[in-house]
Amino acid sequence: MTGTKLWSGRFTEETDARVEEFTASIHFDRRLYRYDIKGSIAHATMLARQGVITDDECSSIVSGLRAIQDEMEQGVFVFDSGQEDIHMAIEAALISRIGHAGEKLHTGRSRNDQIALDLRLYLRDEITGVIDCIGRLKQVLLRRAKEEVDTILPGYTHLQKAQPVRLSHYLLAYREMFDRDEERFRSCFERVNVMPLGSAALAGTSIPIDRAYVAELLGFPRLSANSMDAVSDRDGPAEFIFDAALTMTHLSRFCEDLILWSTDHFGFVEMADSFTTGSSIMPQKKNPDTAELVRGKTGRVYGDLMSLLTVLKGLPMTYNRDLQEDKEPLFDAADTLVSSLDVFEGLVETMAFRRDRMFEEAARGFATATDLAEYLVTQGIPFRSAHNIVGRLVGYCLEQEKDFSGLSLEEIRQFYSDADETVFELFSVQASPDRRSVPGGTAKSAVLQRIKEIEEADEH
Amino acid sequence: MTGTKLWSGRFTEETDARVEEFTASIHFDRRLYRYDIKGSIAHATMLARQGVITDDECSSIVSGLRAIQDEMEQGVFVFDSGQEDIHMAIEAALISRIGHAGEKLHTGRSRNDQIALDLRLYLRDEITGVIDCIGRLKQVLLRRAKEEVDTILPGYTHLQKAQPVRLSHYLLAYREMFDRDEERFRSCFERVNVMPLGSAALAGTSIPIDRAYVAELLGFPRLSANSMDAVSDRDGPAEFIFDAALTMTHLSRFCEDLILWSTDHFGFVEMADSFTTGSSIMPQKKNPDTAELVRGKTGRVYGDLMSLLTVLKGLPMTYNRDLQEDKEPLFDAADTLVSSLDVFEGLVETMAFRRDRMFEEAARGFATATDLAEYLVTQGIPFRSAHNIVGRLVGYCLEQEKDFSGLSLEEIRQFYSDADETVFELFSVQASPDRRSVPGGTAKSAVLQRIKEIEEADEH
Amino acid sequence: MTGTKLWSGRFTEETDARVEEFTASIHFDRRLYRYDIKGSIAHATMLARQGVITDDECSSIVSGLRAIQDEMEQGVFVFDSGQEDIHMAIEAALISRIGHAGEKLHTGRSRNDQIALDLRLYLRDEITGVIDCIGRLKQVLLRRAKEEVDTILPGYTHLQKAQPVRLSHYLLAYREMFDRDEERFRSCFERVNVMPLGSAALAGTSIPIDRAYVAELLGFPRLSANSMDAVSDRDGPAEFIFDAALTMTHLSRFCEDLILWSTDHFGFVEMADSFTTGSSIMPQKKNPDTAELVRGKTGRVYGDLMSLLTVLKGLPMTYNRDLQEDKEPLFDAADTLVSSLDVFEGLVETMAFRRDRMFEEAARGFATATDLAEYLVTQGIPFRSAHNIVGRLVGYCLEQEKDFSGLSLEEIRQFYSDADETVFELFSVQASPDRRSVPGGTAKSAVLQRIKEIEEADEH
Amino acid sequence: MTGTKLWSGRFTEETDARVEEFTASIHFDRRLYRYDIKGSIAHATMLARQGVITDDECSSIVSGLRAIQDEMEQGVFVFDSGQEDIHMAIEAALISRIGHAGEKLHTGRSRNDQIALDLRLYLRDEITGVIDCIGRLKQVLLRRAKEEVDTILPGYTHLQKAQPVRLSHYLLAYREMFDRDEERFRSCFERVNVMPLGSAALAGTSIPIDRAYVAELLGFPRLSANSMDAVSDRDGPAEFIFDAALTMTHLSRFCEDLILWSTDHFGFVEMADSFTTGSSIMPQKKNPDTAELVRGKTGRVYGDLMSLLTVLKGLPMTYNRDLQEDKEPLFDAADTLVSSLDVFEGLVETMAFRRDRMFEEAARGFATATDLAEYLVTQGIPFRSAHNIVGRLVGYCLEQEKDFSGLSLEEIRQFYSDADETVFELFSVQASPDRRSVPGGTAKSAVLQRIKEIEEADEH
């Protein structure tokens, strides 16, 4: 047999065509080529310094790899369909170009530690990119929050009007979530930033390599400490996908709100034409597709997470081919997250808030009921009794079909005999938020204080 | 604004480029083109019969669509990057080719019912294809089972040797699973085989269409009964993906066994060189990659299921753009299942069973302990006492480091004083399975009976 | 060692206390006691008929089991903490009560086929119960739909007003979903209704049992056909949980709508006080908790599904202890589904529709735009042009801040020069639905026709 | 209406009994009582310092709460079935005991921030407990690794023998995983360690509370910065469950190995009788149930993760009742993880390694093939050629049915003509690992170095 497979020494039959197609990963792992070549250059450089290959061989390898990279970047590289993955594709191309020296590149390493390295290089870049996207979205949120410090809207619990809040406070709530997301990605980066090469197949290698030097060349502060773990570990991808899933969760919540707010019924936002689309049949439609799709794509990232966790569950040590199924969910989660953050940032940036509608709706219903109850507490009524008094007053209003603003002092006194004119101030939607000046509260002072803190933190 | 979007009448801004890319589905829904065109031809044919369009317009539409299909099949159709999905791509191409008449095709329908139709046409084909693959695998299993009726191997529970069984019995156990899988797909087909066109956006249409005629043209036995449900229903894709997930589960279990069996330690099967691959570093390796990947890909289909369910959860009526996220998990699950079944069939077909190793291992350990216990029951000893007697006998053997075959009658009598020479027959691994002749048991008679039933059923 | 474990013959050490607690299933599988006893009575009856035990032994076993069942039903049975599962708890109790005869009950069976049987008996009951709940909910939906045939509300796509529809049509859309759910559960029942006992540990038994007689006693139409499959198969639980997950999905969508409809902004429904709850701090709140919790519990059932699938993935043949983890997700899914259906039925039954609000909102916006476009088609304008004309007209209205109803004929003629007075009829929200009289459409005639079909089907 | 609900002021109907049962959380959130009371005591203490309540009222509240806690700890507290959750149960009990003062406890807070606090207090404890368990398991692994530094076993990739490794190296690979798990839990702790009380329903409160003082009393270093975020944030539970899922993944892999190793075929470990169980029918069985169950329970934690993520997806701001579904998956994941770690530690501690079997199996097969290939590299043969030479030599051995040890120098020279006697040293399984002395490798020196590093790190 004259197999073209670089590993075909002991085999006597050609691989079945179905198997070749089924087991190939080249159609998705090719996107790792930059990392694969970067790792190979570092490996070759080290092999030369260690005297395992000559400097000439090294130069030949490095320039061969760079030429391959150039072709790949220009999209002119011709992939040999017989090569099952990006590692083999590059190695085979190198050998066919530079001959003998190319056959020495794989000395002291295995595809097992090579893919472990590629994934870590990929993840470092991807995490950096995600943090960047989150940062831009956070900037937009801050800017819009600063513009809307004086905008009042109804705050909801259970989607029922609860208490008037500032729009800026609402927007900054999402900023908190994205802060935590960013933090999680930063933690993930630290754990990913470890150099696995030199673990070879599973046990390390007898070739006199210098792992620390490779790490230095590639900018890794730490070496993996156990070769068996290093080739079978997929914690990084799993953690990344989870972090992505949680970020998508936050986006999905924001989207849900914006979809509601852009209904005719709420009418709180007007999305830009450029961020919405129309209907093939109904000429009047302007649909919040961008927000809907971001919400929908959350499911996709959850699926990616479940997919990878299932692959890993119950796998014996060390590398098993099941692990090839790590890449597609990882790439999909990363791509989905980045594009969702990006498009969502544009959506938030371009949408118009309808302040009048927000205020009008904040004033309808009984959103200041808690203000009244808390006032009664200051008058010496225990909170539970105060709650009950106001609850009954609301019941009375519903029966009479009036809002608080339609009540007379006499009517109020049926429920709280000591009431005087000051109670009417409590019903003001404008004034209500400012009573909640506790740190983290929705009062103007509290919101401005938080904005100040954020700006100070951003400066560092 | 001179938007190229067919729905752009009320819009005053161009769609943002990021949004265009983010919301486009053309890169994955293009594979539905055959179904989309098939549905459009039926729709146009009906519109002509109803007098909504003229026969000439209909001819023009039909031949225009056929020309587009031809180009697509030959891979020469040029997709207009401005068209967001396959429906718009085809409609726009049609209009640009045949003009006015093309503008009439979308009369009385919406993309909402159009995609509902496309998905059902796709699912009908895909389910048929899956059932075909399962059928082929079942045939291979039957054939190999018939060859191995006399092969004895250890049966396991908890991966501990339990009782000797026939290899044919083992293989037919998997056939049972695939029988159920096939049945589930058939149920799914019935539920999918319903014609949604005519539901339009969500409410039906005022155009005098004839839904029953469209159904007849497309071979659907039933019409969807509620337009709002019809455009928002994704039960078919969800059920299909679940059925695929369960079939993959069965495959994953089979793979696990085969991976174990092809270890040096078990040594029960020798996979064909053509269904295994080698190592980039370790020259001696021959890895069961095919089986590992099928097992791994199970996670992928679980992910697809979770993804779609999450998309659907809590969606308000009726169509929401989130639903666009139904297609990729569906396609991925279908493709993964079909290729896994296909490659697995080849694996099972080509692997060699090592009957000697199986027998040898069945004979080691205490796999006939239950035979002895059940024999004691026939001697009037209550089962619990019999179990205890044999358990203690096993304990004795372990202590003495011998197998049942190494025991003398005297030793046995220390545990069961009435023992005579006949007990030694009970230890025969060859004879043991035939004692289990109950229907569904592992006796030769029971297995042959089951094979007969299967062959009779297959004939119908 | 004087172990109390019935299987302790070969063991020389007591089970570690942590292991005992960790591996015990008695705290959740005890709820299967009725099924376990029912199966044991059938097994004993068969053993007696086969002459494996005497009639006296059988009577003694049966009355012993009945006494145990009575105690369990009255909650007075004292569970022996040393017994790890319900099978052992009952068998040990039986032996301690009736002695010798009790030791014979486990003849010719194993816990492996015993739990397989218990689960199938449980599932048959549970599926029947679920179908019952779905049936009641479907009845409520039909009744309410009949009451609301003349109620018009806005239909939505993308949560944007799309076209006016009948409330009855909307309610019946959900009935369609529950119809499919019921069908799926019926398919599942057929697949579950198979008798596994006699498979013993994995290979069948050498005891001369009569499986067909046991099936007859327990009302099973079919025997499992392969003992190895029978003890390791968990398709029934998996399929049941998926069917439950999809039903919950439908409920979650309905809940989402009702939560939106009960906001101040939509105001379409008023939930009964008895189906809502209040706030600990805000006295005015009346929250749609029931609907929110049903929606939330959907996640729980998805989790149950993922949990069981993960357990099954890659398990080697046949029984493995992992399978003990099948019961809790199954029970949880069943309990969650039944209670959700039950409480949701009450919610739908008791909520009040605010017909005036629905009509008022249907009339706002441009929900009849498609009527106008489809009218233009009847005037000979190709649909795409008609769509564009109406789209621009809507754009004009938005600019002028008026609804269709505020347009003059002159204004309309700027967009469609042939317009006459009849166009104003097209804007009528009352008349619009009746134009969609296609089967499955929202016209009164179509809805009444569907109601008739449903009632006829229900009679059978 | 004389409702017993503390929020019943505005309600005119009693809650439906089904709803009461369906919405109740008291059966699972009661386990938070310690945290709820701790938070209430801090809240009351602060209210008194702020002059909102008197010192006498505070004393009365604090001693009332302590009495309730005592009763709960002793299991004598009688839960009022009308109270839906632990907050209401405790508040109602307090009011019934101390009257008026009790009605003041809920001043300036809501159940929304109360449960947010309870969950964070719970998580802090739970994470601490988990880290403790991981620490103990890591100690056992280290101890056993130190005992087995000289034990050689076959290392596997694809479950095929790959290269000989040290058992200590294998055990420390798992320690690496648990190190990362621990680190993730520590990161999670930092993010959870934030004080939410004072956020009230969603907007903060107008009562003059002192959040910083409460944080100080409860040992929180930070205050939540946005009240809307604080009451709707469930990142902590989600992150915890993910961290648990990944830890379970690692355990599941270890379990898989141990289950394989305790088969008759591998025979590498003998689990203690006290950590295994028997069969109800097969007297000889000793099953690795503990390991199987840990592996199985992994699915359960994945389910918990999917469950919570699904609950959170697309939830509008701020608190929605769906969030009540956060607790059961959280509790279940925590309990499952803690008990799994605990029992697994015992399993690892008590199992016996069968060193002879490991060595014997390492020597069979061609596990030293890579040693030979790497040797050839040192002789100036490019790695790819060396790989091919050895691959063909293995093919020859398979054909001749011999191991490397059975080869003559002549035979070897057919493949590598320059071979001399030194090649035989390369086949030594004993010597092979020590050639892999690279950091993280399996050489004795590398393993001892790693042990030293671990011990030094543990000291800090």
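Letters are used for the chains, namely A, B, C and D, taken in the order the chains are written, and counting of residues starts over at 1 for each.
As a working rule, contacts are C-beta pairs under 8 Å (C-beta built on N, C-alpha and C of every residue); 3 or more make two chains touch, one makes a residue touch a chain.
In this text the structure is predicted, and so the values were computed from the model without any measurement.
Any chain that touches chain A and also touches chain C is listed here: B, D. Each chain gets a centre from the mean of its Cα atoms; for chain A and chain D, those two points are 23 Å apart. Note: centroid distance chain A to chain B, computed from Cα atoms, is 32 Å. Residue numbers of chain D whose C-beta contacts span two or more other chains: 6-12, 106, 112, 157-159, 162-163, 200-201, 260, 278-289, 292, 295, 298-299, 302, 305-306, 309-310, 313-314, 320-321, 370, 387-391, 394.
If you sketch which chains touch which, every chain touches every other chain without exception. Of all residues in chain A, only 6-12, 52, 95, 100-108, 112, 155-159, 162-165, 169-170, 172-177, 180, 183-184, 187, 191, 198-207, 209, 211-212, 223-233, 235, 238-239, 242, 245-246, 249, 252-253, 255-257, 260, 295, 298-299, 302, 305-306, 309-310, 312-321, 370-371, 374-375, 377-378, 382-385, 387-392, 394-395, 398, 433, 435-443, 446, 450, 453 touch chain D in the complex they form. Residues 5-16, 18-19, 21-23, 84, 87-88, 106, 109-112, 200-201, 272-275, 277-290, 292-293, 295-300, 302-311, 320-325, 328-329, 339-340, 342-343, 346, 350 of chain A are the ones touching chain B in the complex.
Contact residues of chain D toward chain B in the complex are 157-163, 259-260, 262-266, 278-289, 292, 306, 309-310, 313-314, 361, 364-367, 369-370, 372-373, 387-391, 393-394.
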